[in-house]
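One structure below.
Every chain is named by a letter (A, B, C and D) in the order it is written, and numbering of its residues begins at 1.
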Amino acid sequence: MDLQALLDEIAVAVAPLAARGKVADYIPALAGVAPGRFGMALVTVDGELFGSGELHAAFSLQSVCKAFTLALVLAADGDVLFERVGREPSGNPFNSLVQLEYEHGVPRNPFINAGALVTVDRLLSTTGDAFGALRAFLRAESGSTSIDLDPVVAASEAEHGHRNAALAHFMASYGNLENPVDVVLDHYFRQCAIAMSCAELARAGLFLARHGERADGTALFSRSLAKRLNAILLTCGTYDAAGDFAYRVGLPGKSGVGGGILTVLPGRGCLAVWGPALDKTGNSVAGVEALDLFTTRTGWSIF
Amino acid sequence: MDLQALLDEIAVAVAPLAARGKVADYIPALAGVAPGRFGMALVTVDGELFGSGELHAAFSLQSVCKAFTLALVLAADGDVLFERVGREPSGNPFNSLVQLEYEHGVPRNPFINAGALVTVDRLLSTTGDAFGALRAFLRAESGSTSIDLDPVVAASEAEHGHRNAALAHFMASYGNLENPVDVVLDHYFRQCAIAMSCAELARAGLFLARHGERADGTALFSRSLAKRLNAILLTCGTYDAAGDFAYRVGLPGKSGVGGGILTVLPGRGCLAVWGPALDKTGNSVAGVEALDLFTTRTGWSIF
Amino acid sequence: MDLQALLDEIAVAVAPLAARGKVADYIPALAGVAPGRFGMALVTVDGELFGSGELHAAFSLQSVCKAFTLALVLAADGDVLFERVGREPSGNPFNSLVQLEYEHGVPRNPFINAGALVTVDRLLSTTGDAFGALRAFLRAESGSTSIDLDPVVAASEAEHGHRNAALAHFMASYGNLENPVDVVLDHYFRQCAIAMSCAELARAGLFLARHGERADGTALFSRSLAKRLNAILLTCGTYDAAGDFAYRVGLPGKSGVGGGILTVLPGRGCLAVWGPALDKTGNSVAGVEALDLFTTRTGWSIF
Amino acid sequence: MDLQALLDEIAVAVAPLAARGKVADYIPALAGVAPGRFGMALVTVDGELFGSGELHAAFSLQSVCKAFTLALVLAADGDVLFERVGREPSGNPFNSLVQLEYEHGVPRNPFINAGALVTVDRLLSTTGDAFGALRAFLRAESGSTSIDLDPVVAASEAEHGHRNAALAHFMASYGNLENPVDVVLDHYFRQCAIAMSCAELARAGLFLARHGERADGTALFSRSLAKRLNAILLTCGTYDAAGDFAYRVGLPGKSGVGGGILTVLPGRGCLAVWGPALDKTGNSVAGVEALDLFTTRTGWSIF
């Protein structure tokens, strides 16, 4: 299969869609990105890169970073995290708070904001510097030592972070945070503000396609844990559209409101897409369409 | 791999668990099954059968039947059903009714009871006899022409069916049923009361592992639709434990409160297990454990 | 105070409002009423009648009947009903079903539909004919022997009653109905379809203003129970606007989507209003305004 | 009526109940109060005092203070506060957060914690010192110039205030706070920590029984607004037991988890009770019972 040709075709096919949807505007620092932009990068388990569009343009990771944070916590602790956070899809957004209340401060999964805060909290406890640990990992895996946060985005997140502060205090009221609320929030906001390109992101995620094997050949965690993390990505990785994403794309993946989506082709590689205009579930319109076309054409869904 | 030896080992390993959990007692006709029973059957895409325990004992399909009903509707209609029912995991049971209200009578997915009623309703419209169409399909695929409902179970379902009647009337109030409430309920109850063995069930499900190819070599639906149905099974097939099931087992599957679980190994075969004692999410304790052991030992999860 | 002059003034004042709002259209039989109509009747504890507008025009009682049904059950049973139904305001409509589920089939209060169904069910058990008992009581108290149901409305209710059927089956699934679902629904629909005028309604409610004393001088129930029923009317009688109604009007009352509202002036009399155009909480726009003006001018709120 | 004898009888009657229930323990500073204590004070509109038990013992006002804070905001602003907070009963506690989300950050009423935070926020805006304004008002109305906060309780509230912080941040995310979250919380915690006796509390509340007339003879607000505040107290003043409280007691009132309840007998006086052991709705067991006995014996409920 001529992967490069396929990616080029897909870029052409989704171009008319790229400006549909709505760029995230919950913080001013994100609202300024032009909606029509698009990039796509595939890195194989052997490290070969294919791409189309703006594959080297940096964008804000936002929730995509949660896949890596969770990986680092699982690597450090095994699955004891799941005593403090579930691994079930979240149902719909409307219920997030009532579920948190009903389930006594235990978030449904590590990717909804409440669960991500618990995961950051745990990474803080195990490393002392959750943001630093994540940045170091992303640099090491992608081979791009300049990866860093966008300070404007980070400041904007902190300034408009009342809702995450509400979640953090709410979990603290149930005793489900180990570190002070403001410290957890600070690391969380900085993690989300990390900027990377599709090419960097796909490369950084390869350990998920290589059953836990890192760029340096060491094992981040067991083959079994790698599979299990992929299962969480599939069932919980795309907000409240996980069912639709599995149906259309059929790959484990993690999306962010910056418009990026990282997907895993177990044993083959990672495919990252970016298109800042979002559908109403918070996923990139052009990105999901590109992934749908990719798995339809290649047959490489996991199902 | 010596599959027969593996299944035998697994049967031994889960035997101590088989009596844990609680046999479904919402209808008297199910409550009498001995909790310690266990069966397991693997049928490969080539039709070869491996099994352990009571692989030929018939049990009540209950919700397992919903995988087949959905397949028949998708085969008849393509995916227009999804205008009337979603394909997102349901979150938790507590929310089922409020979600139905919040989402104006459109159930979250075809496997929660409300969604299954809509699916049966559609099969009624397309065939005139939803129960008959399902029974005929199961007989044809399994090669067992004696497969039928258990009349005691069917009567018991109807007698204790107030909750499903509530769901059906609720959807009817939103105009989301095409046929009369009592007719839909009757076919639904009879479908759930069909009895099959693990061996029959695994064989009947092979079209899911063969990308839509039926026992007679014809295509039930496209390769793409087969993958998509597997995606729904993975994200929605095990009640509110889909995330946990994906994490532990990593296979598309459909469970029922009769204690059966049908799982799909795409391109390889189907694995059906049965153990009537259920965990609090309504899934077979021994069954899930057996499947977890199987994919851990074989590495054949989809992730 | 010249009560007749006051009622005339109020009728003039609310006339411009009478057509605002929206006539109930959930059943065709109600949708045809002209929105601009208005009537008001005050009957003192001594039986004197004052009125303005169409005080003798009959309208569909709808939920107003629930005040009387509850009174009859309390008279028969004392307050044992409250083992099967609460007496707390319902919060908002969105939650009605989830509350019913969360509280295991025990409705919040006797005036939300679920609670009214339980109350009718109990009246059925104590009298054998819930509809007949209510009609006889209304005739006796009002002195109007021709009061009866509107058969067109009753048939329309039954035909469009899926939502109430859902509630009834749901409670039956929790064992909270003593009689068959269809029998309870039939009596419920017929009770709601009773037609009365403001003058008849105000007179029929006098036992509430006379601390339980009926038209024939006998006691329906104790002074204490009369006060308690008034408390339920105040906190639960106007759908999800009970707080607003208490704030603006300050009287115990029961409204219906036919546009009628019965209010109680303890020790003084009953005031009934009718205006078919409803606000978004299901209460008569002109009716609430007229009651607000009345208590503001007379100072006769209970507070 | 010999009110003093009646209060003495009631104190004897409820003594066996006083230790039932559970002293509030959400903050350590409250958990140490002996459960068996009890006090009751009635002050007539003419200023005459009757009492029994520990009528002069100071206890922590907690939510009782919210009645006064609301009065001060209504006095300053009229009812514009109700653009930012509703006046409907809250339904059940489970729903508080989901309602806040569903209603876009507008709390149901001024007495649930979220609504009280908005009310304190508004008093901060109108006075510059919400705590100081409340303390000055309580001192002036009660004539007890030593009334103040308990610093241990205030510190304990602040230390364990994660849940209120969550609510405040959540409302801030909807733009429904005018002042910084931490400032609002500080004044809120200090207001709740004010300590007063039943005798002081009943006297301080007299403006509610005197239609707005303060201790110095001036009007805090109009007669109409006084009635309307009483309506809110009746429908929303006792947490999620407002319906039950109206049914049993039949008086406007405000309770607190310190065990105090202030009730209003419009035109007659105020009755305050205190018993630290609470029922599961957060209301004083002995207090509610004493009030029930009082209105049953005197017939002085408002209904």
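A few remarks follow.
Simple rule for what comes next: a residue touches a chain if its C-beta (ideal position, glycine included) is under 8 Å from a C-beta of that chain, and two chains touch if they have at least 3 such contacts.
Given the structure is predicted, the values throughout are model-derived calculations rather than measurements.
Chains touching both chain A and chain D: none. For the self-contact between chain B and chain C, the two sides draw on mostly identical residue numbers; the shared fraction is above half. Measuring from the averaged C-alpha position of chain C to that of chain D gives a distance of 32 Å.
Centroid to centroid, with C-alpha atoms defining each point, chain B and chain D lie 55 Å apart.
Distance from the chain B centre to the chain C centre is 47 Å, each centre being the mean of its Cα atoms.
Each of residues 94-95, 102 in chain C touches at least two other chains. Taken pair by pair, the chains that touch are A-B, A-D, B-C, C-D. Interface of chain D with chain A (complex): residues 94-95, 97-98, 100-102, 162-163, 165-170, 172-173, 181.
Looking at the complex, you find that chain D touches chain C at residues 86-92, 94-95, 99, 102-103, 108-109, 223-224, 226-228, 230-232, 234-236, 240-244, 246-248, 250, 252, 266, 296, 299, 301-303.
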